[in-house]
Amino acid sequence: MSRAGLTRMTKIEVVVTGAEGAAVRDLIQAVGATGYTNLSGVSGLGHHGQHQGRLLFNQQATLELIITVVSDDKADDLIAGLRPLLSASSGVMFVTDTYVSRPDYFT
Amino acid sequence: MSRAGLTRMTKIEVVVTGAEGAAVRDLIQAVGATGYTNLSGVSGLGHHGQHQGRLLFNQQATLELIITVVSDDKADDLIAGLRPLLSASSGVMFVTDTYVSRPDYFT
Amino acid sequence: MSRAGLTRMTKIEVVVTGAEGAAVRDLIQAVGATGYTNLSGVSGLGHHGQHQGRLLFNQQATLELIITVVSDDKADDLIAGLRPLLSASSGVMFVTDTYVSRPDYFT
């Protein structure tokens, strides 16, 4: 694919309960990310049965989807920081290659 | 990119009308996915002109965005199941490589 | 990953203020994209400190997330058109490989 003029970065999407959103945003800030996007109106059934075992498959918890895009070195720090936070909750993260037009916005 | 400690999975995003959301979630459950994320507050103009031909480009239908992350074998099953469902509607799906930290949550 | 029966396309996600959403949708239409998905309930702190310098890290602007999927040639046109629009604002775009089941819907 033509990616002329674009720079590869790492997109990290985190789905957590509303109660955990602030901790995720604090961590994003702590690793030096320059911003994030926050989606409300998010519900879902967790990927971890244990933590949401009382929910039937069509019952949904109220969640937040938090998206940030960072350089690789910050991605490593952020992923390392998110691991224990998510391990203590039912949150999940998705890490995806993405390309941006203005890498200076993200570093 | 450094992906140490992460496992590649398949993210499937489905955009459908609210009326079709339950069928998509049932299918996600049927293939053995362990969860999903559901976004409301979604509107759009379908990628298929035929089904939404009465809408002007800036008129938007009320939609849902449903995200799930699964292993490759379940992805094949889910994609196969979604094809006829989406063919009968104006829904679309996007299939993307992603990486997760806890693959056991998704298999 | 098994991608039998799927076609690679380019997913472009744009995060802009509500005031700029219409211009982004107009541009998506102008390059010949067949549709888009629009998410409301989006807030965030911009990746560009300069334009949102008055916000603290946990203060969030009201934003829109606009997603479209296009073929590579249209992606180049759209990215070229989005650059000046985003340069004049605090918006960002993320460009990601994705796969679809019905490429004719997107071209």
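A, B and C are the chain letters, set down in written order, and residue numbers restart from 1 in every chain.
Just so it is clear, a residue touches a chain if its C-beta (ideal position, glycine included) is under 8 Å from a C-beta of that chain, and two chains touch if they have at least 3 such contacts.
Values in this document were obtained by computation on a predicted structure and should not be read as measured data.
Shared residue numbers account for under half of those found at the interface formed by chain A and chain C, and the copies are therefore classed as meeting with different residues. The best fit of Cα atoms from chain A onto chain B calls for a rotation angle of 120°, in steps of 5. The centroid of the Cα atoms in chain A and the matching centroid in chain C are 18 Å apart. The residues of chain B that reach two or more other chains are 39-41, 96-97, listed in rising order. Taken together, the chain A residues at the contact with chain C in this complex read 1-6, 11, 22, 25, 29, 34-41, 69, 96-102, 105-106.
Interface residues of chain C facing chain A in the complex, by the touch rule stated above, are 8, 10, 15, 39-49, 57-58, 60, 63, 65, 72, 75-76, 79, 82-83, 86-87, 92-97.
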